Amino acid sequence: MPIFKDKKYFRVDLEKKLDESLWIRCKSCGQLVFKRRVRENNNICPHCGAYFFLTAKERLESLIDPGTFIDISEPIMDDDPLTFTDTKPYPKRIEEAQEKTGLASAIILGSATVTEIPIVIGVMEFQFIGGSMGSVMGEQICRGMEEAIQRRVPFVLVSSSGGARVQEGIFSLMQMAKVAAVRTRLGDEGIPFISIMTYPTTGGVQASIASLGDVIIAEKGATIGFAGRRVIKDTIAEELPEDFQTDAFALAHGVIDRVVPRESLKEELGKLLSLFAEVA
Amino acid sequence: MPIFKDKKYFRVDLEKKLDESLWIRCKSCGQLVFKRRVRENNNICPHCGAYFFLTAKERLESLIDPGTFIDISEPIMDDDPLTFTDTKPYPKRIEEAQEKTGLASAIILGSATVTEIPIVIGVMEFQFIGGSMGSVMGEQICRGMEEAIQRRVPFVLVSSSGGARVQEGIFSLMQMAKVAAVRTRLGDEGIPFISIMTYPTTGGVQASIASLGDVIIAEKGATIGFAGRRVIKDTIAEELPEDFQTDAFALAHGVIDRVVPRESLKEELGKLLSLFAEVA
Amino acid sequence: MSDEQTLDLLEAKIKELRELNETDGIDLSAAIAELEEKLAVLRREMYSNLSEWERVKLARHPERPYTLDYIGMVFTDFYELHGDRLSGDDPAMVTGLARLDGRTVAVIGEQKGRSVEENKQRNFGMPRPQGYRKARRIMRLAERFSFPVITLIDTPGAYPGLAAEENNVGEAIAVNLATMARLRTPIVATVIGEGGSGGAIAIGVADRILMLENAIYSVISPEGAAAILWKDKDKVKEAAAALSLTAPRLHELGVIDAIIPEPLGGAHRNPAQAAAALKDALIRNLNELVPIPTDELVVARYNRYRGIGRYRTLTER
Amino acid sequence: MSDEQTLDLLEAKIKELRELNETDGIDLSAAIAELEEKLAVLRREMYSNLSEWERVKLARHPERPYTLDYIGMVFTDFYELHGDRLSGDDPAMVTGLARLDGRTVAVIGEQKGRSVEENKQRNFGMPRPQGYRKARRIMRLAERFSFPVITLIDTPGAYPGLAAEENNVGEAIAVNLATMARLRTPIVATVIGEGGSGGAIAIGVADRILMLENAIYSVISPEGAAAILWKDKDKVKEAAAALSLTAPRLHELGVIDAIIPEPLGGAHRNPAQAAAALKDALIRNLNELVPIPTDELVVARYNRYRGIGRYRTLTER
């Protein structure tokens, strides 16, 4: 991993800002907007209300009490157990993703507080190979749940993933079973698990940990489902409704508990956590 | 209860035949058939294959090993807790039902064997006020389940009921909760519960004990459902498909495990019980 | 004119006189006082001796507070939860977490609509299988975190229809009964309006069963009983009387544990007062139930249901 | 011509010669013997060195024995159970009780069809949410009576379609994973043909994971991987190789516990022999698992899954 040659053990620190450019163009309304204003507005366009994509770090910042995040992730990164190469070698993809995101893997894991309630929180990074779940993500999620049990605080997981990390083959598939197994311990121990589904929560992540929340909250605009439009069209060529796998579709079919606009997400999470507070 | 003045405690004995007429007319094909031949043929018309209605006693005879039935019911009969009168007083209805069926209540309960496997079995009598579930039926079903736990043998219940015994008001409704509560103990104790649904299994019986079988077998031709055609038409005037609440409908919608023709019912029950045999 | 309409008319008259009194300066206070006394007497007379059928009408009164009305007045921090995780979300069944007297509880209630539009959405308070299964999911959630379960019953019955049967409504009800019978957390059920048969008991198995004074709870509607037993749709009053469906009768019969008093004239005459009484009763009952060790609580609940029923013992010949 | 077609042709030729030999009385035994030896050599060569893609084709071979074929040959007294009790019965998932070596077991398997008609009914072995939920019901039944659970995996994947999403297929799979992870009875899973992604693992969490020699097990189909990763639908061979989806590779990787040998040429060449090997393996594994105390069994299964995965440890700077 050349770029991390002298940085073998990297941790997430929200205080450091990577990106210092001042302006950003809204893809929805075309306006050039002042980046700090967007940030302060939960990455929502101040002109048209469209949601900007949130990196995992930005998502974390938008949800937790400032300055409370402490990285508790395992010091691990993706291996290449199958020596997998498609159009490029898997290690190269990992390296590029690390460079692009500044993260060791596709998930951030830490302790924090939300409206002063201590939690363990994991946030997936969609820009890291589509937020796909390989061995590292599986392990970090399990580590997070075990830490939540240890500390007797709720576990919150923010999903943003296309599904399995195909390049890890069977190991990525097995992560579904792994996280589901460890999730059962939260129930035994009376530790709440709040699953937050954001754009997108699909495939093997939706068909495992994300669907196993005691409460499942979807961010407005999230895509939620198992098999995507393309797979369905390729496999059975079925006509799909316009609202297919939207937040509204998921709510109507009992998949999720609530749809929450980004600007209320922290407040709602705090309210919900406070109802569980005496428990954990 | 005038007719039972001197028979305060009556038990079911399958050896006594009440009805000694020789011939019966098949409603399906119109043929006059020799009654003994029909009986020996599981009450199936030897001409056209139509099922004759089975009384609870006949049903029992068709299912168990001959001579193995021992009545283990509680010595109880219906009370009239609400002093209920519609077009006639409830006690009068009970009396008429007892006279017509020769039974103390709408359910027979006993021990028996099926292909030599000991069981506790309850059979509902549809001719006793529509096989409706009042306090006595609720109590006998619970007694049967407790006896099955005591003896560590499977519990088999043959339903034939329109639902709740309306004349017992809230007490009949509460029987649904009562039998469901006691049913949970069978699970704890590892005692199998085979529910057999026959014509008809509806209303409060279908929405409680009958639907809680480890395995649910429907006799061919059974009507299975919660709210009947008439109620649905009266309430929401919905168009209903022809196969509504038939055995095939129930099978297609995952309500039951199997549809079994009457002539195979005993054999199938024996086969199924033998798979549970080492357990109980 | 119904008795209630007479009362409404008298009330309107008094209001009119009061306005006249104020705006025109004519002293009508003597007349007003007389009318008010008359109204009070009438009301007491009328409501102290309600027939069963009159109570049925009160229980179904379109202005009667519904589940969400009580939730707003009785609890704080209500956080609604949706969906059965299997196929749908049923608006006729409202579920969520909330706080009562500082304690987190799970709330499950049947919800009627008031407008035509609302009733279409809420399906007149008749839950579908998805509703019962959502309720069950929330019960299990409550059990996991030892949240007491509060259920509010107000339904004509389970929704009868093709889709309900296709989704095995019978199983949905049956499994709820079995689940509640052994749920390892306290359950308090209150019939706030109509307790309609299987649709009601599917969220009604509890450590304490309460009823608002003018609520009804029955194995069948008076209309249904009239049609089936009397074979005469006009015999609803007779049926209502025969079914013993009022709170006082059910309390006498030992099936319910307590009656929550309503304001004179019914809960809709003073929803806040009704809600306060409900809140009081819920807190009182929870304060009694919560300290009981869970094993003991579940055994007591089991024994309660094991023992329910009335029959005659036959003596050996 | 594919290698397998060559073999088929040779076989047909031998059969022809044999018939000639018998009917016409011409002595062709020398020629037949020669051809047979040639066939045997060819076969050994071919199957000792199968490429991944060739194994994919074998795993999907239309004459390969399916779940119901094995059920008929491996178990006795199979009693099929239907329905999820919620809304449907899925013919792509077969469940029931049966006897194996004198022991009652629960059998759960994915079922493909052979004819067009059958495949329409069985949905090409792609289960719907109703299928996964039926499987779960049977798992819970098995647990209640301590029946070991035998699963037979043979699916291209979970059925992708509107109705599946409307019935929350993601939840159906997820809850199965959680259920199997802690089920209090032994579970042996065998991939008999195609182990297709989430649709496979949804009945694949087990104490022992076995694979037939020519079965495949993968997070994505080679076709899917070619399209998504190579962006070239023709790269299926490359994808099949890269995915490490064969039994020998998965055994090397430590993900599966054992490989069940198939007859030379694949299970379809001699279904009875394949079934006998499967039966042997199932009995052997059950004989090891059944004596283990349940608590120990469940802890061991949990630890197996807790430990699965491969990653690099970073060292502190």
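Note that the chains take the letters A, B, C and D in the order they are written out, and that residue 1 is the start of every chain.
Following the convention adopted for this analysis, a contact is a pair of C-beta atoms (placed from the backbone, for glycine too) under 8 Å apart; a residue touches a chain by one contact, two chains touch by 3 or more.
The model shown is predicted, which means the values in this text are computed figures rather than measured ones.
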Exercise for the section: Look at the interfaces B-D and A-D and say which one is made up of more C-beta pairs in contact. Expected result: A-D
Problem - Label of the chain whose CA centroid is most distant from the centroid of subunit C - result: D
Practice task
Please report how many Å separate the Cα centroid of subunit B from that of subunit D, as a whole number.
Solution key: 42
Handout entry: Distance between the centres, which are taken as Cα means, of subunit C and subunit B, whole angstrom
Key = 33
Handout entry: Whole-Å separation of chain centres (CA-atom averages), subunit A against subunit B
Key = 54
Practice task
Name the residues of subunit C that each touch 2 or more other chains.
Solution key: 85-87, 166-168, 171
Practice task
Could you list the positions in subunit A whose residues touch two or more of the other chains?
Solution key: 211, 253-255
Completion exercise
Every chain pair meeting the touch definition is listed as A-C, A-D, B-C, B-D, C-D
Handout entry: Of all residues in subunit B, those that touch subunit D in their complex
Key = 187, 190, 192, 211, 214-215, 251-258, 271-272, 274-276, 278-279
Exercise for the section: Please give the residue numbers of subunit D that touch subunit B in the complex, ascending. Expected result: 77, 79-89, 97-99, 103-104, 130, 134, 141, 144-146
Problem - Residues of subunit C touching subunit B in the complex - result: 158-162, 164-171, 173-175, 177-178, 180-182, 197-198, 200-202, 204-205, 217-220, 224-225, 227-231, 238-239, 242-245, 250, 253, 255, 302, 305-306, 308-317
Practice task
Under the touch definition given earlier, write down the residues of subunit D that touch subunit C in their complex.
Solution key: 85-87, 129, 133, 166-168, 171
Exercise for the section: Would you mind writing out the residues of subunit B in touch with subunit C in their complex? Expected result: 6-10, 75-79, 81-82, 84-87, 104, 134-136, 138-139, 142, 164, 166-178, 180-184, 203-204, 206-212, 225-227, 231-232, 234-236, 238, 240-241, 244-245, 249, 253-255
